[in-house]
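We just call them A, B, C, D, E and F in the order they show up, numbering each chain from 1.
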Amino acid sequence: MYRHTRELQFTAKPEKPDALFAAKFQEILGGQFGEMTVMMQYLFQGWNCRVPGKYKDMILDIGTEEISHVEMLTVMLARLLEGAPGETTEKAAAANPVLAAVLGGQNPQHAIVSGGGARPTDSQGNPWNAGYIIASGNLLTDFRSNAAAEGQSRLMTSRIANMTDDRGVKEMLAFNLARDTYHQQQWMYGIQMLVEEGFAESEIERSNGDWEDAEAAHVFYTNEGSRAGEGLWATGNSVVDGQPFRTEPLRPLTDDQGILPAPDPLQYVTYDGSQGPGKPGNAVGGAVQQAENVVTKVKDAITGDKH
Amino acid sequence: MYRHTRELQFTAKPEKPDALFAAKFQEILGGQFGEMTVMMQYLFQGWNCRVPGKYKDMILDIGTEEISHVEMLTVMLARLLEGAPGETTEKAAAANPVLAAVLGGQNPQHAIVSGGGARPTDSQGNPWNAGYIIASGNLLTDFRSNAAAEGQSRLMTSRIANMTDDRGVKEMLAFNLARDTYHQQQWMYGIQMLVEEGFAESEIERSNGDWEDAEAAHVFYTNEGSRAGEGLWATGNSVVDGQPFRTEPLRPLTDDQGILPAPDPLQYVTYDGSQGPGKPGNAVGGAVQQAENVVTKVKDAITGDKH
Amino acid sequence: MYRHTRELQFTAKPEKPDALFAAKFQEILGGQFGEMTVMMQYLFQGWNCRVPGKYKDMILDIGTEEISHVEMLTVMLARLLEGAPGETTEKAAAANPVLAAVLGGQNPQHAIVSGGGARPTDSQGNPWNAGYIIASGNLLTDFRSNAAAEGQSRLMTSRIANMTDDRGVKEMLAFNLARDTYHQQQWMYGIQMLVEEGFAESEIERSNGDWEDAEAAHVFYTNEGSRAGEGLWATGNSVVDGQPFRTEPLRPLTDDQGILPAPDPLQYVTYDGSQGPGKPGNAVGGAVQQAENVVTKVKDAITGDKH
Amino acid sequence: MYRHTRELQFTAKPEKPDALFAAKFQEILGGQFGEMTVMMQYLFQGWNCRVPGKYKDMILDIGTEEISHVEMLTVMLARLLEGAPGETTEKAAAANPVLAAVLGGQNPQHAIVSGGGARPTDSQGNPWNAGYIIASGNLLTDFRSNAAAEGQSRLMTSRIANMTDDRGVKEMLAFNLARDTYHQQQWMYGIQMLVEEGFAESEIERSNGDWEDAEAAHVFYTNEGSRAGEGLWATGNSVVDGQPFRTEPLRPLTDDQGILPAPDPLQYVTYDGSQGPGKPGNAVGGAVQQAENVVTKVKDAITGDKH
Amino acid sequence: MYRHTRELQFTAKPEKPDALFAAKFQEILGGQFGEMTVMMQYLFQGWNCRVPGKYKDMILDIGTEEISHVEMLTVMLARLLEGAPGETTEKAAAANPVLAAVLGGQNPQHAIVSGGGARPTDSQGNPWNAGYIIASGNLLTDFRSNAAAEGQSRLMTSRIANMTDDRGVKEMLAFNLARDTYHQQQWMYGIQMLVEEGFAESEIERSNGDWEDAEAAHVFYTNEGSRAGEGLWATGNSVVDGQPFRTEPLRPLTDDQGILPAPDPLQYVTYDGSQGPGKPGNAVGGAVQQAENVVTKVKDAITGDKH
Amino acid sequence: MYRHTRELQFTAKPEKPDALFAAKFQEILGGQFGEMTVMMQYLFQGWNCRVPGKYKDMILDIGTEEISHVEMLTVMLARLLEGAPGETTEKAAAANPVLAAVLGGQNPQHAIVSGGGARPTDSQGNPWNAGYIIASGNLLTDFRSNAAAEGQSRLMTSRIANMTDDRGVKEMLAFNLARDTYHQQQWMYGIQMLVEEGFAESEIERSNGDWEDAEAAHVFYTNEGSRAGEGLWATGNSVVDGQPFRTEPLRPLTDDQGILPAPDPLQYVTYDGSQGPGKPGNAVGGAVQQAENVVTKVKDAITGDKH
């Protein structure tokens, strides 16, 4: 359960408003790697976590902190938008090039939709969406995604920080940058502990590794003229089994030309007949297909055959 | 520039069709972490890369390989859809529960839209979109995103592999799993080389690190009852400066309650007047705001003052 | 069925073009609360309406009027875009700050995609989508959504009206504002009639009200320091049963800590084993689960037990 | 700032798992009117609120409670998914029609992507997006949107509650239904107080009401055969000024046929020349347009003329 | 302006309900090539059309007819959904495989969200969005897009028609198929007339054709082993100038390897320094760039030099 | 399978950077009709093609070329963004109106997200999505969509070409325009060959043409005052059967008023009872519906009756 306190986690006071900067600032609130993303990603990962105790608590502690970061950014945005041009301004703009730039570059939805408040969108106005986040239940892969998100988020915060001289904004961003520095390490230490405590075999996701194609797990495929074979990824050894990598020219490993089966005639797919007549996709065709599948499975079950 | 060869990179032949499995299989083609994602992510990163030679070549080599993976998956999908129920089938379904399940669970767009071919969507029918990918120009953060994407992608491939006994499907997935094992390492070796060759100070993104809030870069904030303080992320040392982390209860670091400035009166924002009358957001208000900004900046420039 | 007449419902003639204003104007055409939204929302509600006569007719009458409003706005937009900068303009911009602002602030798709015509998007270029609308079949909840949409739509129209001095634009917006004033009342009178005529018990959606948690229907949960308990929502009485509301501090009403069950081992979810081994999610596990469900249901049916 | 407590707000324990129901249950978590929507809508409204004290606190109190509701729903979902079919199941399905239905109807991403955990999507797999929410800064319109959202949300919760007999699920939904009953009233009392305390003139959004088209604010436009004129919305009086409404046949109020101006010749818009040659949209045309605008504005400013 | 009549354009009565078919039927209502798409595409094209008279009228006539088609489809959908499973059904499903399939395959939002009415989405639940439509102002390209949309729309209608034996559904689809046959021809005759009446030079969009790369307008680029050179597109003549096409192997036409310029140092883009130090992207760098541009332009203007 | 070569297909060197133009240029890379669209559309069509030999090869040849076009555009974009304003610039802007315009009009994600590289979005920042593309398996309809896409793409390229005087940009666009000229013809010749070689009966999609409504395939429906009846589409003959078209006033062809059936009582749809009590949508109602359907089908099968 969650509780709210009136104070922000950290001060969010710009020295002065700046509507043009506010438009850009939306990126670290509602963008692909903005604070809404890490907030929702960590909350979903925490709620879905099956290791109660320090892992679940850690994920939810940081997820909870991120709600407060989203709050701080929205307050900063509303303050940056104070007095932003929202009404007829043409005459003034004619005399003031900076105002003209603001008119052109400000986010019109800051005036029209949110009335001078933050928007749940990125710097181009795209609404935040849950296609940005992942909670797979597998802490190794999720922590790696989290470390990546913190890195990207920190980079974009840095770039935005360089777009202003406002001491108030920079003071808050100095806090945010520091948290991103810390959080990157937090997720990487998390991966280290998962391995040390036996929750993962190694730092490499390798489920079903017993039957993966061992050969293909050691080759770098390269194109003509490429110098990529000079890197450790091609000259080093696999951290999984210590065997050396090698480089091969990218080439087909099969003579399969991807010729497709005959189509369902009632779907009017253009077809030259070279694979024989299409199986009808109606009850008969479907039943035939399924019967085949089931028969094969039953036979497999009897003979104990499996991949 | 790109060239095409008729042969696939690897065989993509299922033993037999399976429309229900095909619906799920779409996830690793057009999902958040499907092959379309890594293909487009690596291509954009490669094209945007500013380190010609082994780095740019490596990114483009793997991006090019991923086009071939997308091709393989589409062929596999079309073959899995052979004879899939596409027409009236109620009577047959009444007599065949597996067919009934297929009717319910198959992707209707496989019959209606693509005529038995692959769709550029995930297993729930969401069209692939570029909000899944990132190409920041910073190879450290991008390689970390790539390693994360390969891990998630491999995990989902593994889960799907466990949903079928088809030897043909499994043979291709054994190849894909192996490539994901290899590629995870490739990106991690890439990060190691970036540091060794001086393209990054450490494995932590830390631009503008000179003025980040040093204090906040070492604290784990925790909630009541949380056991998260037991982890290395709270008991270890910063890999940046070797200083120890510490744990603190999550609490406001400010008395700022996020009270917002007076709104523009012509935006009809509900307001109690407690911050005085709002600055009009018209030409006058806007100009005043900008003038303030410019004056301050000019003064700063003169006095050499900066953050 | 629908018919078209060449005349617009109302004049849509600006005094003069204004490309920058046109970019903002898109918000009330293709935005979350633009005219496309109310048009599609009312049409779907009307088509889905199960009360023929004055309710279905009223919804379709206004839905039909909204098609005409969308038409008016598109005409206004094309006229606002007359002579908008669409070609090389750098030299002129260097000499004209307002032109520079227009260059920066105009919607590039007005020039590139629609050739000076309206776009089906909002002021930030987001394409209109059907996730904005609702047609639930329940007229009480739908009329409430409609009143809300008219209020938001009117507010945004007002804000945009304040961004121009153009008498032609304002004349049309005076008409639109009036319609929104009228339509807000129309939907509220509609709710009043639904109750009077017995289509709804009260103005509150309360299906399954007989078994809802009566206690929880009267409590305002509040956080430390919050003054929210001073409002009528906390000090008044329920309009459903006349019982007084009361305020309580937000606290857990359970000791359930959200510990999740053991995961399917073949999905590689990180897990500490504390809930015992996971049920396999394959045929066996699934069948077991379903058997349990069915057995319980059958038993329930026999003993006549239900919630 | 936000804090977390390990206990849920309310118990979230189903009697038994049910993967098919879980797929539908996603609607009230991540759908258009799911709990993620009200959580994010209230948080953004609260953070943007300019009336500190009971209003801001009330919005944030309920926004905070909604985070806990999202948490409860995710826990319920993971528990409903226990043992859900995630691996090869064809043979079992052949013998068990309910299992077959589950195979067809379950959400494949529950198995493939989230590993048996909740997804931030609706019942059709659409990722939650911020285009669902509104925070306009105007409390009257926002409270109306909130009351509408609670009504729709409660209706959908009711419909879902009727899809299961599980006592555990129903116990939690009884709590959720009750909160939605309460919250609908909370927002309506909020509107009442806004008017009583002078934050809004009436319950109707009517900014710029002084110059809206008074005539058009009192007319119901109707189509041939429509019986909509029988409703209070056509026979009653305006709550704004007490004047009676009236009904008129829908007809053009202008002879404007929407003929568009000549296009920019360099945009290759098909055009018959009937409006004369198009103004070039290059520097010259653009400058001319702007000059006209500015000249008019300056003249207006001198003569004191405005709409 | 638009008017409504109570009667549908064509009967929309199924013989009997069919919830599973209804789920698929959504594709031709709210899919990429559903009736909502052609309705909105033609309306926007008509409103934006600059050739009053037969062209504008024709586009709006058909756009108006499409509103009526959307209406018909929504009515058909609600009738197909009569009595669809919306409540607890497990026991019945256990005894009835077809019911089980329906449970799995029906659209859950038909029960939860729209209460048995049509949804503005496709067969996979994706909300309709305006990214599907185009209104470019150029009638040649728009008519070609319209003919394509009618063809795709007809094909998908045909595929869906083959999924049912319901005579009522088929009767309506026989009407829809016929309209799509007619409309395909309508747009193609439209293109013919545009050329005959001089609105387009030929049926090929060829603006700026005077300076396009004449060479590249006649070559088919082919890959090793490809037999594509056997087609008329490679062996025929250009319809623009009558010159023959020819086939060439796909190869780089440049030695440009896409090496990028030095990045802005404050954006922390990984860079090897090989292009010299990056121009700062701040005021100084930006001003320098712009100055260069303007100076060059002015010089060009003086010397009369242009491409 | 695909291979990469370091050289671009064609030179992509602007004379000088231009950040404002780069923002617009994104439209032809990641817009609805940008190069990403044709690349992905042709690749999916080629992979799904069931006519091996010249058709499949041709589609894949051009799809492969389009990957190279996307590559060229990304390189051009990164070069246009050299030295683009990415840091604090207010003072400089105050003195330089063109810089001010650039500040306002540049794409903030070019600085914040991609670090001066191309973005996979359109000119308004919308991420590319697969809802733009189609691969239906039917080559006639797909080639028509392709010709349409090339036409729109060429038109937008032309419009963008007119927005710059840069000789380097124009040289590359001259190549792209030419390819679009050629490709339009390629797809039209493709349609011609499909008919000549018997893959399509005529250039009109007419599957299930034997039972379409022959009457409705020859009528143009028109509204009052419309002059659309003057066009060939109304005065000409059907290319399918040579019969003349005719014009009729748009009118209902039925007296069906779209009255819907009684709703499921447990879905709380507002209803006046005029259609009798609703069938419960639970097991009983659902089973009844299904039983009816199956019984009818079986009877149909016996009597040999079908549409």
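To be clear about the criterion, a contact is a pair of C-beta atoms (placed from the backbone, for glycine too) under 8 Å apart; a residue touches a chain by one contact, two chains touch by 3 or more.
Every value quoted in this text rests on a predicted model; they were computed, and no experiment measured them.
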{"item": "Interface sides of subunit A and subunit F: same vs different residues, half threshold", "value": "different"}
{"item": "Equivalent-chain rotation between subunit D and subunit B, CA atoms, steps of 5 degrees", "value": "120"}
{"item": "Between A-B and A-D, the pair joined by more C-beta contacts", "value": "A-B"}
{"item": "Separation of subunit E from subunit F, taking each centre as the mean of its C-alpha atoms, in whole Å", "value": "2"}
{"item": "Length of the line joining the C-alpha centres of subunit A and subunit C, rounded to whole Å", "value": "27"}
{"item": "Intercentroid distance (Cα basis), subunit E paired with subunit C, Å", "value": "26"}
{"item": "Contacts with 2+ other chains: residues of subunit D", "value": "1, 3-9, 32, 47-48, 53, 55, 57, 60-61, 64, 68, 71, 75, 78, 86-88, 90-91, 93-94, 96-98, 100-105, 111, 113, 115-117, 121, 124-127, 129, 131, 134, 136-138, 140, 155-156, 158-159, 162, 165, 207, 223, 225-226, 250, 252, 257-258, 260, 262-263, 266-269, 282, 293-294, 297"}
{"item": "Subunit E-facing residues of subunit A, complex", "value": "155, 158-159, 162, 266-268"}
{"item": "Residues on subunit B engaged by subunit E in the complex (per definition of touch)", "value": "1, 3-6, 47-53, 55, 86-88, 90, 93-97, 99-101, 103-109, 111-113, 115, 121, 124-127, 136-140, 194, 199-200, 207"}
{"item": "Residues on subunit E engaged by subunit B in the complex (per definition of touch)", "value": "20, 23-24, 27, 31-32, 97-98, 100-106, 122-126, 156, 159-160, 162-165, 223-226, 250-252, 257-260, 262-263, 267-272, 274-275"}
{"item": "Residue ranges of subunit B in contact with subunit F within the complex", "value": "1-9, 30, 40, 43-44, 47-48, 57, 60-61, 63-64, 67-68, 70-71, 74-75, 78, 90-91, 94, 113-118, 120-121, 127-131, 133-138, 293-294, 297-298, 301"}
